[in-house]
Each structure stands twice: as structure tokens, then as C-alpha cells.
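The next part holds the structures, each set out as C-alpha cells.
Shared between the two complexes below is chain A, which has chain B as its partner in the first and chain C in the second.
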Partner chain A sequence: MARITLENVKKSFGKVQALDGVSLDIKDKEFFVLFGPAGAGKTTILNNIAGIQVPEEGIVKFDGEIVNLVDAAHRDTAMVFENYALYPQMTVYDNMASALRSKLYKKDEDYIQKRVHEIAKMMNMDHLLERLPSQLSNGQKQRVAMGRALVRMPKVYLMDEPLAHLDAKLRNAMRTELKSIQAQFGTTSVYVTHDFMEALSLADRIAVINEGKVVQIGTGDAIYDLPVNEFVATLMGDPEINVIPGRIEKTETGYRFSMQGSGKSNDLPEDKDLFAKFEALGVEKVDLALRPQHLVYSFDPVPGYLHCTVYSYESIGNKSVIVADHEGLQLRLIAPNGLRVKIDQDVYVDTKLNYSLFFDYETKEFLARYNEAEIRKIAEPEEEEG
Partner chain B sequence: MKTGPKTGTKVLLNILLLIYSIFALFPLIWMVILSFKSDAQMYNTLFVFTPTLENYRIVLFTTDYPKYLLDSLIVSGFAVIVSVVVGVPAAYALARYDFKKKEDIAFQILSFKFAPEILVVLPLFMIYQKLHIYDTYFGLIWVYQLISMPLLIWVVRGYFEDISVEIEYAAQVDGYTWYQIFFKNLIPLIKPGLVSAALLAFIFAWNEFTFPLLLAGTNVQPITVAITKFLGTDTAHYGQLAVAAVVSALPAIIFALCIQKHLVRGLSFGAVKG
Partner chain C sequence: MSGLRIEHVFKRYDNEGKGKKKKVNDFAVKDLNLVTEEGEFVALLGPSGCGKTTTLRMTAGLEEITAGDIYINDVRVNDLEPKDRHIGLAFEDYAMYPPLTVYDNIGFNLRAKGVSKEEIDKRVREIAPLMQCDDLLDKMPVKLSGGQKQRVNIARAIVRRPDLLLMDEPLSHLDGKARQAMRTEIKRLINEIKCTTVYVTHDQLEAMSLADRIAIINFGVLQQYGTPAEVYDDPVNEFVAGFIGEPPMNIIETTIVGEGEHFFFTFKESNLKIQVPERYYNVVSNGFKCKMGVRPMDVLIGGPDSKGTPEHVATFENLGDERRIGIRVGDFLLMLITEDETRYKAGDAIKLEVRAEKTHLFDIETGARIRSR
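Let's look at the complex of A and B:
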């Protein structure tokens, strides 16, 4: 159990700046998720916490103590590697017992046996214990890799995409299991993923990483509802958020949003705080962003709706996704499944503007959104302690 | 469903293999036959003769032959041991660490095997005279590194490269020191490659002729050089010569047969596939 602090950590590999001044403060007992696209530097952050790599600049602290010079063996972390990193010459049992047999974390064989069986049972793999890693499927290997970490009681669990290679059913089950294990053990956990569902469902807090930098840190709600820029907004959510470029103009009663090109313009619904913010910022060109669930559509002409054509239609089980095209601007919207939709048929789309987020057109930074104060209150709970 | 080549093709292939095996094995068989012939029957019989063990008795009990055999064992054996002790860490470094001119160094090591021995042996002879290591075990073991080390380093390096570095990281996180990781996790994984490369290096060292011929004299005399003694200035005792050759070939053949499976697998498969 530990609080882990990274201060301005920098790491480069040759000419590639893998980490460019990363600062994180991971609280004790927190389930902390590192989320970002491939190659963002998430694994490098984990390696720096584990002590496998040492930062070129910056400080790594465990419970306030600087551990930059402590080697990986003495940091007391347990890590799940993305490529499993199982010892090929050892059975699953010996793999899992490995750490408990090392000089540093030595336990007696009775304890090891009890503990390994307990974890194996929990992970539903007690029938695999006598096998060699080469006799396992990828999903089984991944479970063994998880199990090897879980048999220990380290200061922190470091998990690098531990569920990536499991089948969907097992992944969901393991997600739930992981959450309860973490709650039960109360061990600080740092978890790397590129799956936003995993990030949102597991995390106490999420750090969005891109190109070696921390883009945003916050609760799942904060990241989802109050993204700091368009990049974060597009990463979270599937189908992706709709971004509609346009301009806002002040009218007598409020503000008016006009889509770029030949799109239509609408009066924005009243929101005093929002309008005050627009007034203060004085921006004109904005990107209006709306989640797919906040678009409505009709296949029959409705006055005031935007005329589009169907670009693609995918049924994904409990719902379907329609991509509607308006002069090159593609809008993703959610529809019930079982529709008979033809490509290129007409579809009329309207926006629930009172859910919109606004980003700066040039910098793509977050400007404002509807109900900001209220959402902020939910998404950013008061710090319990200092 | 086709399960393999047609019968006609199979027969043809087998005939070809048979012809090749006769071609390859005949000199050996001829050598064995010669070793059982007496000098009198040497030139006037082919396959029908009175077999005799006289040649064996002379070579094994009346000459220094066993001493030469021992010399060969000592020189080749220690040459391989030195190669393993020095080569495995070198291979690890070449596989894992990034340093300047890494590939150049690796290639340089390999290039020791390119140069014909006869090309370098003269300067080596001068150097050995000056260093007073001419005709010593140490001198031969040292020069044999040119033969055994490059092979060992290159094979073992490939094995180290096949082991994902995360396995080492995982062991570090598990609380093991580098030495423990190296001996408990890495050595077992490179063992097939290490064993086969070491045995192959042993066979190469055993068969070496040029270096011991020119860099050793009377004190140390490996079998390959000693055999030439049976070619007298006046008469050639072909029977004894054949015996010496047969006996000297035995260790290499025995080793090769023992590790045959291992050799092919070890040199062609990676360590941690699957």
C-alpha cells in the first residue's frame, strides 16, 4: 500500500521522447488508470514506477520517499506484462510461486501452496497449474500473468493491459473480479489500457496520456463529460463524439450557432453561465461537440432537421450506428437495431443542443458546455483529505 | 487427399540418397577395412583378406598414441570451456545492451572465422615464440578460441535475442538479482543452443590441424598432427595410419550420435517459441 508520486518524469529512447514531463499523484489504495492511444507512453510510465527503467529527469516517490535509486527487486511492486512474460521453463504453479520463493519476498512452501491455489481458484485456472506456458492459450497465459502478480501483497499492482487478450465474456467477468479484488486487498493499483470502457468502469481516477504527456487527470465522469480538449473527447465513447465546426454569433436574446458551409443555424438554448462564458471569451469560431446519443433522426422530412444521406449502417446487437453524411461532415448517431436502412437514402438529423460541448476551433481546447457547474459538481467530488 | 510425394518420386529420391551415402561413407569404410589389414595384404586384396588386430596393438600399445589422444582432449576440452565462460556473457551483452559499434564488434568476432588459418599462422608463430607460449597447452587453447568462440557467441546470441526482455523484468520485479535471473531463468532457456554450439565447437577444435601443426611441436601434440607420424620417411604404414585415424574419429562420431537430435533442434529452433 503506497502513495506513488511522479514529478516531471522524462524518459527518451534515442531520439524518441517517450515521457515528456509526466507528473502524477496516485493516492494510497486508489485504482488509477492510465489511458491513451498506442505509443502514448503508458507502459513507459509503468516501467518507471516498477523500476525497470529509470527516468532521465524527474523524481519517482513511494510514500514520499524518493525511489529513483531503488532497483526493481526492492521496490515491492507486482507487475502484469502485456506480453505475459511467463517463465517458459516453469510450470504455471512455479511461475506463480516465483516471487514468493525469492530471497526478498520469501514465504514458506505451505503458505505458497495455499496462496497459489486460492488465487488460481479465483482466476478459474486451478486445472492449469501443472502445465507449461507453451501449453496455454493466450487468454490462459494472461490469467497466469495476472495470477502471478496477485499472489503477492505488494505496495502496488502494475497492470499493463491485463485483459486485452481475453475473450469478451471472460473480460467482463475479470473486470468485475478485478474491481472487487482491489477493493478487498485495498492495494494501490496502476492499470494501463486503451479501452475506454475498461478505463471508465475500473478507475477511481483516469489519467489520459498522449505523446508522453498527461493530457487530463480526473474521475471517469470528469473525463467523459468535461474533457479538456477534443482529443480526450474523441477517445472516450464509441461511436465517437460528433464534432461540428461552426461559428457563434450574439443575437438579441442569446447566441446563435451556424454550421460551417451550407449547414443550418440554430438559436442556442438559454444557459446563463454558458452565455456569460461566451461573452467573456469573445470567441467566434468554435467546434460544437455532441455525443451520438444526443442526435435525433427521422427518415421522413421534418422541418428544421438537417438533410443528410446515410453513409453507413452497422448493427451492433442491442443498437445500431448510423453514420449520416452532410456535405462531407459525418455525424454518428445511435438508432435501435432491426432498421431497414439503405446506403445513400435520405435521413434527417437534429441536435439536442442543450447537451453540447464547445471547443476552440483553432486550439481544440475545451471552452464551455451546458450545465457545466452542475456536471462539475458531480464529476469532481470534493477532496476528502488534503 | 495427398499425403506425400508419389511412389515413383519416393523411389527415385531414395536411390539418390543411397548413391550419396555410398559416396560419402565409402572412404570411411575403406579406412576401417585398411585398419584390419596387414601390411603384406595392403595392396593386393580388396575385400577378401585375413583380418588382423596387429595394427591396433602396435598403435595403441607401442607408440605414444594415447598421450596424443589425451593432448587432443585437453586442448579441445579447455578451449570449449574457455569459450563458454567468455562467450556466453559476450553473447548476452551483444544481444541485450546497446552500445556504439555493437554490430561491428559482432561482425568482427564472426570474421575471425573467415580468414584462412594458413594466412594468420605465420605471424602467430612469431608472436608465440616471443611470448614463449609456443608448444604449450595454453598457447593452443588460446588460438583455438578463433575456432570455437565465434560459433558459440553467434549461436547463443540468437538464443538470448529470442528471450523477451520482459521475462528478465518480471524476474526483477519478483525480487531476483541479476545473477539469479541469469542462472535460474536465462541459462535454462539457452541451454539447447549452448550445448549444441559447445559440442560443435568441440568437434571443430578436435579436427583442427593447421594451428597445432605449426604452433605446437613435441610437448603438446594433438591427434590430428600425431597421425602424420605414421607416414614414415621410408615406408608408409597404411594399416597403422588407418588405425590412428579410426580411433581419433571415434570421439567426434560418438558425440555427434549422442546429440544428433539435440544438434539439429538446438541450431534451428528458438528457445521460447510457442
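Let's look at the complex of A and C:
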């Protein structure tokens, strides 16, 4: 077991500040995901936990003990990398057993056999044990690489984009599989990814990392539904969340939102808490953000709908995306597959405003959203034990 | 007039290296027939090594045709040099001339053909905005991002006003968002210039979102040729059914059991029982073994009054925009997708319903679709 704490960790490579004061508190047995774009510093954080790199400033603790000066081999972590680095001349069994046979752990063969079979069964690969890596598919290789890390019972599993170079289908299937065995890990795990679906699916909590800093820490629900800024909001979800700049103004009965440019305006549906927050904040210029599934469309004119033209219509698998253009503002919305849609034809779009999020127009920081209290209850569960 | 016509085309590579055992009948492309309409956008889709790039290269004249004929705008091109086939090529790697500016790269082939300077200038400036590279014309290739290079590459292919545009995985170097944006640009471009286009890809999403029709190829053999809706809703065999769509169609071995007047799909080590659509009653019988296919969108969780089969959630993934739920059926993980906001956890009891009318039957040996008679 291990609780891992990072306090104000800094690390630079030459002129590049890779980590700029990172603080994290990863709980025992937690599945913790470091999520962010390429070059954000996710892997550097992982390497600092593993002991492959040492912070220039700040502290790394395992269970309250400072480990800055403990070398990687003695931190008792197990790593899974994007490239699976299997020994090509060894069978799957021997690959999985290799760490346990090393000088550091020296387990007896009976124990090793029991443990390897246990993990192989859990990962649904007991039929592969006698094969050589060259006889495995990429998905199977990745499974073996992960299994090799799991046979040891380290304090913490560290995983660096283990599914990144599998093709989309295999990656999704492996992610689901990983999810299904995850409950049996029972060990603190830190998982690096740039794929929001992996982050949302697997994480107990996610830390969003950008430019060497922690941008937000929270459950998947919190990151998706209560993003601290527009950057986080756009990272989650495909197609990307729609951002509509405009201004809000008080009316006799509530608030109105007017789009920038066209000036089309709508009364905002009532939400007392939201309106109270607007009042307190006193903001005027905002970005209204709505996920694509909260836009509706019609190909026939409907009063009150926004007149747009179809910029594109593309399938994204089980559903399609229409990008609707309104005077240069592009709105993404979800539609079924197989519609007869012509590029540049008319389309009329309406917004389900009661799903809106509001961001500051200048700073792009989160201001408020509909049903905030209720969503917060789901997204930020109370700590179970003290 | 058709854009491209491929008739009974075969391809066998003759690489008789010493000591290498040569397999008989080792065709990279086997009896391929494909006709496109003029101005149509056709995707050649299949896993790596299926023969799709070979087909494209034979069409371009970069590869000899072992047998059969290829026509471009009704002209047989088997014996024509690539340069005489009136084609534009845009491949995965964009091999630009590094010492030349973007402008000169786009105009290069026109200049080689002796087109006048004024005409070149006119055409380059006409094409550049279409591909959103008008701001790049004075830049050198090294200064460009991957996406920009691919824009220039495609501009270069279409500036010649080809009869046929051939593209081979033009997006595979680009990552996530750049790729998606570029896909949209290509779609809009083809819509604008209305040039017959053949597009090779292994990515079913790309094919589904771009193409008017998709030719799905496996082991050198054309499996199905149809619109995206046709190959999605009405696949001819298990391969096509599994290849199109993500997450893929659930395809499970089943034994059909007759009870009273009805037939049901039953599954090994599972209580799941789904009524067979009545249209199949004349092709199935008690004890009939086949595979049942159903898309994750057509598997549902029933409400409190549901008559569905009681099952337990094996995996639950909240992906933000949607939720994916896995249910064990024997050792198969049956996937369903829902936009329902309910948060399940592994082990939760649910009632499983399947849109029976949306199920497909496949032959257990050949994978061929079993249709009602």
C-alpha cells in the first residue's frame, strides 16, 4: 500500500520548465490519472514518482516518508510503458516471471508459478504463456507487458500511455478490459494518458496537467461537468464543446444572453442559484459553452432557431457530427448516421440553454453553470472515511 | 461515362527470392471489379496488407497489372505511362522539393509540362485558398507543420485538374484534432472541385465520414461495395460487420432453440435468450448453430417493468458524452452504448433487452450473412 504525495515539485530541462510547482496527494489504492496534451509534463511527473528523475525542488513522499534520495530500484514501483519492451527470446511465462526472479526479489519458483498463473488468468491470457513475443499480436504484447508489472506486488503501479500506439478499436477494447480487471488491482496506480476516454473510464480521480502545472484535480464527473476553465472543457468530449461568446444582461424577470456578432438573444431559463451568482459576479461579457449533444437542429425553418449552413457532416462511428456555420461561428452538434445532407445547405439550430456553462470572456475561467449544486453533489462526493 | 472502371483485375507479386517457398495462388488482389460514377468519392477500406494500396498503385500506373483492365474516363490505361493517365496523387508521405517554396512546389508539375507562367500563377492562386494554403505560398517546406504539408501536397495533386484523384492514407501522419480538421477540409474540397476520387484508408471512420461509397477489401478480395449506410446496416458478412463501427458489432456464437411457435437465440453459459426475428423462421431450426450479431446501440437496459433477461453489469465506463456497459455472455463481453445518465457499477443487476429485429445471422464456418428467404 502507498499514499503518494508530491509537494511543489519543480523540474526543468535546459530552458524548459517541465514541472512548475506540482502538488498532488494520491490516496492509497487510488487509480489516479495524469491527463493532458503532449508535452504537458505528465510523464515527467511519473518519472519523478518512479525515481527515474529527481526533482530540483520540492518533495516526493511515499506514505509520508520523503523518497527524493531513494533510488528507483528501491522505491518498489512497477512500470508499464507505451512500448512493451519484452525479452524477445523468452516465452510469455518467462517474461512475466523475470522480475520475480531478479536479484532484488528472488522469489522461489513455486511462488512464481502460482503468481504468474493467477495474473495470466485474470488477464485472460493463460493460453499465451508458452508463446514467444514474436507470436503475439500488438494487443497481446501490451497485455503481457501489463501482466509482467502486475505479477509483482509493488507499492504502486505506474503506467505511461500503455495503450497509446494501439489502433483506435483495439485501444478501446483494451481499455474496457483494463477497466474490468482494475478492481482486482488493489494497489495505488498512476496512469498517464492524453486520451480523455481513458481518463474518464479508468480514473478514481484525474489531474489535468498543462505546461508543467496542475490545472484541475477531481473525479471524471467534476472534470467533465465542472471544468475550471475553457481549456479543460475543450479537452473533454468529442466533438469539442461549443463556445459561444456574448453578453448577459439583466431583464425584468431574469437574464438574457445575446450572441456576439449576430446579436441574436434568448431569455435564459430560470435557475435561481445561477442568477444569484450572475448578480454577485456582476459580469457582462461571457463565453457560453454547450456540449454538442445539447444542440438540436432542423432542416426546415423553425421560429427562434438560428439560421446556419452545413459546413460538414461526418460520421464518428455510431453517430454523426454536423458542423453548422453561423456567420463564421461553427457549432458542432450530434445527428444520426446516414442522413441525406448536402454541404452548404440550410440548417436551423437551437440550444438547450439549461445545460449551459459560463466562462469569463477575458480569463476563460469557469463562472457558473446550470444545476450547479446538484451536479456538484455527484461530481464531488464526500470523503468516505476521515 | 464512368470515372474509374476496374475489370477483373488480378495482381501477383513475383518475388522469387532464393530459398523462399513460393505459395501458389498468392494474389495480392484477386478478381477485383469496381466502377465509380464520375465525380464520385470512393474509399478503399481494409486492414493493412489487404491489397487496397496495390489497387491504387495499379490505377496510378506505379505497379503492373497481372491480369484484367483498368479504365479512366473510359480510356483503357493498362499500357499508359503514369504521366499520361491524367491523375493526381496525394500519398501519406508528402515528398516535397525542399529547396522550392510552397508556390513552386504546387506549380512544379505544371512547369514540367510546359504550361505558361501566367497560367501556372492563375491556377496556383485558384487552388491555394481552397486548401487554405494561400498564406503559405512563400514559405519553404521545412517551415510547415504536418497538417500544412499535407494541404500543400493535396493542392499539388489537384492543381493539374486531374481526371482522377488518388489519395493513399493522406491523414495517417496527423494526430487527433489536426486529422479531424483536415478530414473536413478534404470533404469540402472534393465537394467543390467535383473530381472523381479514390481514397485508400484502413480507418473505417475516415471512410464512413468521407466516402460516397466504400469498397471493403480483405485478403485481396472485394467483400462489399456500398454507401456508408449500406455497409453499416446491411453488411454482407461477419468481416464487414466487425470492421465497420466502433465499438464493433457484438458477434456471438449461438444455438437456436425452438419453443412452441417461436425460435430463440441461446448462448453457452448464459441465461440470455433473444427471440429470433420471424423473417428467419424459414432458415433456422431447433439446434441450428450460427453467429448472432447486434450493434452496441441496439442493446438496451430495460426499465423497472422490463421483460428483459436479468443480468449483471461486468464493466461500466462513463466516457462523458456516452456510457459503455459490458455484460458477460459466456466468455464474451457484450457491449452496449447508452446516453442515459445512470451511473452503474460492476455487479449491478439490470434487465437486458436486445432490439431483436436489428440482429444479424452469420454462418459459423464462412462468416457469410444468413438471410431470410
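To be clear about the criterion, the second predicted complex is superposed on the first by the 334 of 386 C-alpha atoms of A that agree within 3 Å, B and C clash if a C-alpha of one lies under 4 Å from a C-alpha of the other, contacts with A are read in each partner's own complex, and residues count from 1 in each chain.
Simple rule for what comes next: contacts are C-beta pairs under 8 Å (C-beta built on N, C-alpha and C of every residue); 3 or more make two chains touch, one makes a residue touch a chain.
All values reported here derive from a predicted model rather than from experimental measurement.
Novice: Go through the superposed model and pick first if A:R291 touches only chain B, second if only chain C, both, or neither.
Specialist: The answer is second: A:R291 touches chain C but not chain B.
Novice: May I ask you to decide whether A:Q216 touches chain B, chain C, both, or neither, giving the answer as first, second, both or neither?
Specialist: In the superposition, A:Q216 touches no partner, neither chain B nor chain C.
Novice: A:D238 contacts which: chain B (first), chain C (second), both, neither?
Specialist: Second partner only, chain C.
Novice: Look at A:T5 in the shared chain and tell me whether it touches chain B only, chain C only, both, or neither; answer first, second, both or neither.
Specialist: neither
Novice: Looking at A:I316 after the superposition, I want to know if it touches chain B, chain C, both of them or none. Which is it: first, second, both, neither?
Specialist: Once the two structures are laid over each other on A, A:I316 reaches chain C alone.
Novice: Return first, second, both or neither, reflecting whether A:T44 touches chain B, chain C, both chains, or no partner chain.
Specialist: Neither chain B nor chain C is touched by A:T44.
Novice: Quick one: chain B or chain C, who's touching more of chain A?
Specialist: After superposition, C is the partner touching more of chain A.
Novice: In the superposed arrangement, does A:T77 touch chain B (first), chain C (second), both or neither?
Specialist: It touches chain B, and chain C stays clear.
Novice: Across the complex, what residues on chain A touch chain B?
Specialist: Interface residues on the chain A side: 47, 50-52, 71-75, 77-79, 81, 83-89, 98-99, 102-105, 133-134, 148.
Novice: Any idea which chain A residues touch chain C in the complex?
Specialist: Interface residues on chain A, with respect to chain C: 167-169, 172-173, 175-177, 179-180, 183, 196-197, 200-201, 220-221, 224, 236-238, 291-293, 311-312, 314-318, 320, 323, 337-338, 343, 378.
Novice: For the complex, which residues does chain C have touching chain A?
Specialist: Residues 183-184, 187-188, 191, 202-203, 205, 208-210, 228-229, 232-233, 245-248, 295-297, 314-321, 324, 326, 333, 335, 337, 339, 343, 346.
Novice: Touching residues of chain B toward chain A in the complex: what are they?
Specialist: Per the touch definition, chain B meets chain A at residues 164, 166-167, 169-177, 180, 185, 188-189, 271-274.
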